[in-house]
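Chain IDs A, B, C and D follow the sequence of writing; residue 1 opens each chain.
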Amino acid sequence: MSKRKSPQELGRYLKFKRWLAGDLDLLEDVTEDAVPVAAPEIADRLPARDSALESRCRASEEVYGPEVWPQSHAPGYAQAWRDRVALQKGAGDAQAVLQAQEKSLGFFRAVYKIMAVLLCGAIILVFLWTTAFLPPFGNPDNPANNEVPARYIRHGVEETGATNFVTGMILDYRAFDTFGESCVLFIASCCVQVLLRVDACDGKSAARTRIQQENDRLFEPKNDGILQQTARLLVPLIMIFGVYIILNGHLSPGGGFSGGAVLGSGLILYLNTFGFAKTERFFNERVYRRMTLCALTFYCLAKSYSFFTGANHLESGIPLGTPGAILSSGLILPLNICVGLVVMGTMYSFYTLFRKGGM
Amino acid sequence: MEVFELLLLLSLVVCAVSVAVIRDLLASIIVFMSYSLIMCIIWILLQSPDLAITEAAVGAGVTSVLFFVTLKKIHAIRKEDRDE
Amino acid sequence: MFGELNLNLEEEAAMVLFGIGFTMLLLHRNLIKKILGMNIMDTAIYLFLAAKGYIAGRQVPILTDGVTDPAAYINPIPSGLVLTGIVVSVSTTALMLALTIRLYERYHSLDLDRILISMKQEEEEQL
Amino acid sequence: MSFVQNFPFFSIILAMFSGIVSSVLKGKKARVLSICAIAATMVLSAAVLAYCAATGESYVYWMGHFPAPWGNEIRAGVLEGLTALLFSAIMLLSVIGGVKYTQTDVEPSKQNLFYILIDLMLSSLLALVYTNDLFTAYVFVEINTIAGCGLIMITQTGRSLTAAIRYMVMSSLGSGLFLIGLSLLYDVTGQLLMSPAQEAVGEIVESGQYEIPLLVIVAVVSVGLAIKSGLFPFHYWIPDTYGYATPTASAILSGLVSKGYIFLLIKFYYRVLSPESVVRSHIGNVLFLFGVAGMMLGSLRAIMQTDTRKMIAYSSVAQIGYIYMGIGLGTPEGMIAAVFHIFSHGATKALLFLSARGLYRVSGDRTDFLALRGSGYRNRLAGVGFLVGSLSMVGFPMLSGFISKLLFATSAMASPGKMLTTLIALAVSTVLNAVYFLRLLTGLYRPARSGAYDAGAGPDGAAGERVNAPGFRVAVLCLIAFNLILGLFSQPIVRAITEGLAMFS
């Protein structure tokens, strides 16, 4: 059961995986595999391999690109590495093997490239072919322009009170979808909390807390004057814009989701300029949790009431108001505010969880 | 107008292809941001301002911020490895 | 047969983008690129839907001057669907990015295959 | 309108609401709330089933003030009620049975998040079962996917994190295909609700106008949902995903989540297209082929494993293959067999995953066959549970697996073109199942070679019975009983499925 894979096997496995996923820059890995296989005596003459360092180098290569990696972090090791590759290339046996491997790799690469392009091309062709048979673009007689949108437009204002037909549709006619969508956001934020929230209640996570906080110093603002002045000017504007979008969701383009995202970005800007200490004075985890709970509970109860009355053919008794006024359209305005709060909190919590694993 | 639309759609495809082939992650995220903004303009041309506003706030704004913070986090982890 | 083909740029661009995004999500080995590919794929579908809702020469679906004639506005349904879809895709993106951070913390790589290989090695060392 | 008709809606909202409230509760309270909510859902679904069976017809329920083509709708009938009942029962038993393991596997401060995921998973499954609206189905498919991902990675080990990212990648591909299928369908029919869409599709088929788009839609939606449920060529994420999660999560993922997508696919075939047009599009033949291939290759891979977790997970691949084979037969009998197998496999897999974990516990948390040797004596209840589950998988008479194999065989008789293939596939796969399950079973009841493995036994040493928490005992016993009921009294259930499928169209 615990049979360890030999280097050769691992190499083959590696190559196969690469082939499956199609790596395009495998050269240095090939030489790495080739060392123990082809020229053990050469490998013996070199400094011991430092696998941890290698993995770090590889990691930086992924982030920064291949050119910078060794020189910047580990010049000595990089030199040794280069020597090893050079030595190996000098050795006759090793080179033959290397060439063979490169050749086979070249084959794999070509196969992969062809596969990717073929797949992409096949999908595109199939769908292009399909679109060619679809109803024409921009034609008012298409099947999609039937009695459904006609009613949304003709009776939308009197039935929902919203002058923005899209808002009226998603928050009244098809409100169940939208409720599901808020739940998608809620559950995604729960999953991100599972992954990234750091709770200092046992030893293992205490160590992670320390690491996270050290990391976070990199993000903390350095009291940048220009940034702070700009933010003083921009943050109120962004916030007011966000609130405007939410409150006018039933009258003009926008609504809870877009407004909430704008508010969330405003908060993120404030956080990045002035730091956690100031932000936590008015927005911390407790506020966030309560806000989300209240907003979602209200949403859930209000919509349940509306669904229940609708299905049992009862009057909902919620006044719709004058179309066009801010205080109109029944439940749509409060629901938009709820959604806006949830989205704002969720976006902000995503950001802080990503940054330091907690709010 | 037609030419403008054609240009926008072409740049959309160019952006998507370059997101796929650019090796530098930061650059590809920035290209993706511009992809979202072009998409916004197209949606305005298609008479859907609701979508444009949401895409500008969510797609080009929050999603990109999340990508950036992820990248920064990854750099931080890497730096820590180096210091140890 | 080809005479009645309907050629429209928006729809075709959407399909091309869908293909690119799908291939990136399936075959790119870098996790961040995969997630970008997923976003491209989703926006492509939304572009397709938005193009399907458009009707030539009509207005934004917001009541103007009290006109409630369906012939004055474009179809509001695709817009509503896309709004829902955008939120769904931002949630999925956040979740996948969080997973990426955790995987990078643990395996110091963004390459899914390298992650799988180092996971297997780690387990074999444990046994 | 009778009050009972509100129950499907109540059960969805109840599960969702308990998830929302759990976000501020501590782990223990969240668990109690979650168990109560699932139990309440079960009762409500039973009432719906009884109501529909009594009236003999299905009904639609407006989600709002507007009727069919304008507002959202859900729909309940005998099959929906039955599925909701069985799903919530299996979920309840898996949650109760895995309580102890959840406590050890999940970080203490994140227990409540686990139960939020369970609650929302339940609500999304119910919504998928009841929905009469395609776009609602898409939204809840996404909730299901994200909750599933959360359940996989809740243990936060390296293995589960990689499994989660692979699962997310494959699921996003599936969702993308499903969504583009919906968009195309909306474009050619102009409807999002299932009943008006069906009429529109009927007209289109008659006029023969959008033949090619319709074919692409059927293909794309089927492939999307097949990817998400892990049909054979797209199955590579399954073993890690199912094998390495906490037992409650494994049972739910393997028993219910993939079945939810299959149920949606069946609903799509019956409620949006008509079964005849599916047969005509030949997509059924493709599903049949892949189903048969999945049965064979899944079983073969399971034979090659030496790790119990992976073996059970690969056997899931094979069982999903059975279900798609039934769908692919393209006859009503095949569909009945497939639906019955959804239930039977859900119950059996939950039992297997739970009792397997009980066996690992007395074997020092090792999972390979060698370590499990003799563990049937060390933990008798888990041993019996595993025995019953394995025998049911193999198709031992009196157990649920036997009935589903019988149904598959009889339905094969009705479709002459595929009869031989189906029968041979069934026979070969039964033999293969027997090989790998019996190999493990004989190991379980063979004394361990030396005292080495006893030393690694659970905290109570060899005192097997005391190792099991009361919840675990109740759950395993109930699941065994459940298997026996499905096996012995299958007639009413098969009749209900037949009736329910008839109500679909």
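One rule holds for everything that comes next: contacts are C-beta pairs under 8 Å (C-beta built on N, C-alpha and C of every residue); 3 or more make two chains touch, one makes a residue touch a chain.
All of these numbers come straight from a predicted model, not from anything done at the bench.
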item: Comparison of C-D and A-D (more C-beta pairs in contact); value: A-D
item: Geometric centre distance via CA averages, chain D-chain C, whole Å; value: 27
item: Chain centre separation (chain B, chain D; CA means) in Å; value: 37
item: Inter-chain centre distance, chain A versus chain C - centres from mean C-alpha coordinates, in Å; value: 12
item: Junction residues of chain B, two or more chains touched; value: 25, 49-50, 54, 58, 62, 66, 70-71, 73-74, 77-78, 81
item: Numbers and ranges of chain C residues touching at least 2 other chains; value: 10, 16, 18, 20-23, 26, 30, 51-54, 58, 60-61, 77-79, 83-84, 86-88, 91-92, 94-95, 97, 99-102, 104, 108, 110, 112, 116
item: Shared-contact residues (touching 2 or more other chains) in chain A; value: 1, 56, 59, 62-63, 127, 130, 133-135, 142, 144-145, 148, 152, 164, 166, 174, 177, 181, 184, 187-188, 191, 195, 253, 255, 257, 350, 354
item: All touching chain pairs, where touch follows the definition stated at the start; value: A-B, A-C, A-D, B-C, C-D
item: Contacting residues of chain B [partner chain C, same complex]; value: 5-6, 9, 12-13, 16-17, 19-20, 25, 28-29, 32, 35-36, 39, 42-43, 46-51, 54-55, 58-59, 62-63, 66-67, 70-71, 73-74, 77-78, 81
item: Touching residues (chain side chain A, partner chain D) in the complex; value: 1, 126-127, 129-130, 133-135, 142-148, 151-152, 159, 172-177, 180-181, 183-184, 186-188, 190-191, 193-195, 197, 199, 201-202, 205, 289-290, 292-293, 296-297, 300, 304, 306-313, 316
item: Residue ranges of chain A in contact with chain C within the complex; value: 1-2, 4-5, 10, 13-14, 17-18, 20-23, 55-56, 58-59, 62-63, 112, 115-116, 119-121, 123-124, 127-128, 130-140, 142, 144-145, 148-150, 152-157, 163-166, 169-170, 174, 177-178, 181, 184-185, 187-189, 191-192, 195-196, 251-253, 255, 257, 323-324, 343, 350, 353-354
item: Chain C - residues contacting chain D, complex; value: 18, 21-22, 25-26, 31, 34, 38, 41-42, 45, 48-49, 52, 77-78, 81, 84-85, 88, 91-92, 95-96, 99-100, 102-103, 106-107, 112, 115-116, 119, 122-123
item: Parts of chain D lying in touch with chain A, wherever the complex brings them together; value: 1, 5-6, 9, 13, 16-17, 19-21, 23-24, 61-66, 69-72, 107-110, 113-114, 116-117, 120, 123, 127, 133, 135-136, 139-140, 142-143, 146-147, 149-150, 153-154, 156, 180, 184, 186-191, 200, 210-213, 216, 306, 368, 370
